[in-house]
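Down below is the structure, laid out as structure tokens.
Going by the order they are written in, the chains are A, B, C and D; count residues from 1 in each one.
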Amino acid sequence: MTSETAAPLAVEALVRGHRLRLVEIAPWLIGGLAYFLFPDYLALGAQILIGIIFSLSLDLILGYAGIVTLGQAAFFGAGAYTAGLLAAHGWGEPLSALVAAGAVAAILGLISGAIILRTRGLTLLMLTLMISFMLQEAANKAGSITGGADGLQGMAVWPVLGVFHFDLYGRTAYLYCLAVLFLAWLAARRIVHSPFGRSLTGIRENEARMHAIGSPVFGRRLVIYTIAAAFAGVAGALLAQTTQFVALEVLSFERSGAGLIMLIIGGVGRLYGPFIGVPLYMIAQDRFAQADPVYWDFWIGLLLILVVVFARGGVLGLADQLRRRLRRTR
Amino acid sequence: MSAALETTGLCKNFGALAVASAIDFRLERGARHALIGPNGAGKTTFINLVTGALRPSAGRILLDGGDVTALPQAQRVKRGLARTFQINTLFRGLSVLENVCMAISERLGVAGDIHRPAGSRREVIDQAYAALERLGIADDAPRLVRELPYGRQRLVELAVALGLEPKVLLLDEPAAGVPSTESGIIVEVIESLPQDIALLIIEHDMDLVFRLARRITVLVQGAILVEGTPQEIAADPRVREVYLGEHVSP
Amino acid sequence: MSAALSIAFHGVAYAMVLYLISVGLSVTMGLMGFVNLAHGVFAAAGGYVMTRLMNGHGVPFPLAVAAAFVVVGAASMVVERLLYRRLYGADELSQVLMSVGLIFMSVAGAKFLWGPLAQPMTPPDYLSGQIDLGFRAFPAYRSFLIVAGAVLVTLLWLGLERTRFGARIRAAVDNRRMAQSIGINTTLLFTWTFALGSGLAALGGALGAEILAIDPGYALEHLIYFLIVVAVGGLGSIRGPFFAALLVGVTDTGFKYLLPEFGAFFIYALTLGLLLWRPQGLFGRA
Amino acid sequence: MIERAGRGRLAGAAAAALAVALALPAAAQTVKVGVILTYSGAQASLGDQVDKGIDLYVKEHAQDLPPGVTVSLVKRDDTFNADVAKRLAQELVTREHVNILAGVIGTPAANAIAPLATAAKVPFVVMNAAGVTTTRLSPYVARVSFTHWQLSLPLGRWAAQHLGKRAATAVSDFAPGYDGEGGFSKGFTDAGGTIVGAIRMPILTLDFAPFFERVKALHPDVLYVFIPAGQEATAVMKAYADVGLKAAGVKLVGPQDIVTDEELPNMGDAPEGVITTGNYSPAARRPQNLAFLAAWHRAYGDKAVANFMSVAGWDGMAAIYSVIKETGGKFDGDRAMAILRGWTDKDSPRGPIMIDPETRDIVQNVYIRRTERLDGHLANVEFETIEQVKDPWKELNPPK
């Protein structure tokens, strides 16, 4: 290979990295088709879409920037309560509430991130946990505002765009969530393929190197932490608006953990990990967990161990391996 | 005229252990300077202090006359300080070109861009490509770093540092781990670096040191033992005793 | 005065349980670099072994406690060989997930085997009720906990300082590569250390069953406290977690006594503050 | 193991019922009841208790249904999450087309479902969740369990009259705890007592000794405790004895949650003499209860313990069966609610009960019980009855 051909090749690869591939349309085709094919499952569908947004927020910080957190529910809950409180106090316009929820979560992310992001490893893990615990405790304490353990009642969410009422069958909820997920995906995709996104991967892979090439590592981590917090906040707001209820559980450790597990199953550090992991987990739970919940816990535990030991990249990682093997045999 | 890099009274303690004690060091513009010393002498600690990876316990660091002691690493890089690592710290899963692009994006201040796709800036790619060409590894541009032999990776390491257009370049054992057949290329590359870059080379390989360096500083137990021209160092009995005696077979 | 005494007494009793359980976690995290969230599983297992032996087979309390240590220690060696070993040196995310998976399986398994309810724990008669020290009466079992805890801690510290095994662990925690190069078989050392840590957790779980009831969710419910003790104490430290446990035990108890409304809040805020002040923990190495 | 065998047997019965249902001519009427309970996670044992009560009622009353009518239970696990519960209710209504919603362990879940019941005009029979406001959130909600005020206010009154005039309260720091604290304090002070200290304990409390040490320093006659039913109750009892409150003569009182019948065997001797109020104790000698327990043990084995949740499941089904019997299985939400409002059952295992026509909350006897050793086992023995208690909170806080 001469340098004349090598140069365009390398450059091509760089320039083409962000271009839309055909398979990337698949989630939207499936999402749209599902609306017509499974009209009885739209409520579940909406919650899956919300789960994907939440998982996507985790993917951005954990998968791309390597920030291991167990407290992402703090932002989800902040968003849910923002939207919930607005709707309970007379402002039921969903879109503006969504923006407000994202903003509140982002501010929370910015402040908490500025405090904790200088630490690493177990210490960071603990700090994220502590913050989400404190927030949950605060929401429990502030019962007169949040409804405490009984949940926030009396939300009145107005129709989307003034036209589409949230209906019993979850049609509006589903399409609304699908639209928001689409926007979130566009944003996430842009971030991931931008120089900023690349530098995050750099920080995750090799922080010392990023320092050495003059990258403001702390600042970059803080920016993505804030963005991811906004994503989580929007997801929380969607849940509040579509269920018209907010319970303390939105801030729980369990929610953070479940989001993480779904992401791992799909594949961490891949844009489409959440798109695979969340539906897989939630549909399986809906189908099989009824049969015997005790076994469900057992099998999920076993699955986690198997994924970690044998299939680190989750489902997408396995698919990659399979493709590589096929290519080799061909 | 101020030095390219200067430290005064630089100290670093880990608890009761002093790993750098009152180091006064001066790196002239365009210098070819080597820092040598036995294992555990504190050479890498010194580099980490200069680059800002470690905070000094006392003392000052001046870059081009300006005090950078309190600045974070990124700011020092912006002021023209670059380094290579003793063990390759490249992004092994990325292409050679991308590795260099990362550094150039940072220098051009476009790495924080969140809107435009990476690869959409022609100037970044062109400059990265130019850096590779200068080191003669442009052919490897599209290959993943992990697919390259180690010697080649050392060159990429250098290309990344050069991409930052440094005024001061710290080379931490540039030929470490490279088979002697290939180390020649690295030496040639280093010799051909632009003369306005001040080089500080940390090396164990004495042949290489004497070939590249015009001045040598010997570090022992966190303190400077002696500094001088290669001839002076080679003749110094103290150096022979603590250092050369151990490493160079008679 | 009486209040302070109460706080100190209950705080120390609680701290002993926390320390016994957490010290093994600190060592595995420090020595093997393993973020083992499933450590509580071994404590719970110790509690189950003891209560099942006592309630189901009439085994006397001291024997049941000893059995918990031995059985769980041995079982943990198998788990270490089968699972943990594969992830030494892996990223912390993988370790977190593997151990979370282990928690899920153990929770489900315990529920399947022994039902969803807590295991009854009835201390022997000689440790029930109150003991009167003249100026004041103290709960007998908790007094026993403090004494037993102190004895075990002393044994552990002496053991680690005076024995070859202890010296090896300390060397390996300090500098693993160096330890390997001077001929320490770290693979074997890890297994034994893991077993010791798990055995101690089992002791803590068994002795502490009176305070932390043994039920299927044990490993998850109390995890946060174990983690706090380890993070605040400093990874890899043997003594750090002891002082952290004392700090957490006594201040937590104190705040619950004095300002119960903010009881939960306080422990989180304390941990947050301590970790921001000293990210490596009180006794961790920078 | 016994519990599992029992479940298997019931599942068999359910399958048989289903087979019969399928064999019937197409004209037959099937009433679908959507049951939402917590079957997994930390609260799974609660869901299990209600579930057993429901299944037992269905099994024992198959022949009571009008000819051609079958009942089909569609069960869902809400994993103790309100948003999941809401979604499941939505799906049960839109996908499964259930005629009635029932169950629900947690108040947040019930509160989340309530507006949906209104929107879908589907009756919702609450079988456990006890938050006071739930029945106000929708005219389609009827409750057969209890409220914390209902149990704690009479207890406060009784305690002030019989146990002493100084009381301290210690409750879990969340909404149900505040309800319990509010009810007890109201009853106690109304009857001339004084509350000398009110402590709220964090939800995740492992060790109650510090709180009880504080109580001890207050020297009350009575200590009222509310904690959620489950293993924390055992920790409360241990701390009560350990700290020496029992020895100091401080009387421990509380709602039935602190001495749930299935946890009693774990509690040692500490609970002996504890006074609680409850709407049901398996130790009651009412013939209806003896019959219920006989059926219970037949189905689930001798060791299975029935508690107030099991009876709520049983009674909830009784209410639903009344609706079915009265309408021949053909009813809409409004028709069902008309029957449920003012519905009475003289034969509940817990004594006569009624659904208040005004509030749609349960009206029932509240029993003062003492925990005693009966045939070598601890039991909650009812010794005084306060007849037909309405939820006092709703009387004190009339709707605006």
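Throughout what follows, contacts are C-beta pairs under 8 Å (C-beta built on N, C-alpha and C of every residue); 3 or more make two chains touch, one makes a residue touch a chain.
Note that the coordinates shown come from a computational prediction; the quantities given were computed from them, not determined experimentally.
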Separation of chain C from chain B in steps, with touching chains one step apart: 2
Chain closest to the middle, measuring from C-alpha centroids that were averaged per chain: A
Most distant chain from chain A, judged by the mean position of its C-alpha atoms: B
Separation of mean Cα positions, chain D and chain A [Å, integer]: 37
Whole-Å separation of chain centres (CA-atom averages), chain B against chain D: 72
Inter-chain centre distance, chain A versus chain C - centres from mean C-alpha coordinates, in Å: 34
Rounded Å distance between chain A and chain B, as computed from the means of their C-alpha atoms: 41
Touching two or more other chains - residues of chain D: 44, 173, 202-203
Multi-chain contact sites of chain B, meaning residues that touch two or more partners: none
Touching two or more other chains - residue numbers and ranges from chain C: 111, 261, 264-265
Chain pairs that touch, as defined at the top of this document: A-B, A-C, A-D, C-D
Residues of chain A touching chain D in the complex: 40-41, 43-44, 47, 137, 140-141, 143, 147-151, 153, 168-170, 239, 243-245, 247-250, 289-290, 293-294, 296-297
Touching residues on chain B, where the partner in the complex is chain A: 51-53, 72-78, 82-83, 85, 89-93, 95-98, 101-103, 105-107, 110-121, 125, 129, 133, 138-142, 160-161, 163-164
Chain A residues within the chain B interface of the complex: 1-3, 6-7, 9-11, 13-18, 190-191, 193-199, 201-202, 205-206, 208-220, 223
Chain C-touching residues of chain A, taken from the complex the two chains share: 62, 68, 70, 115-116, 118-123, 125-127, 129-131, 133-134, 137-138, 141, 257, 260-261, 264, 268, 294-298, 300-305, 307-309, 312
Chain D-touching residues of chain C, taken from the complex the two chains share: 2-3, 6-7, 10-11, 14, 111, 115-122, 129-130, 137, 139, 141-142, 210-213, 215, 217, 221-222, 225, 253-254, 256-258, 260-261, 263-265
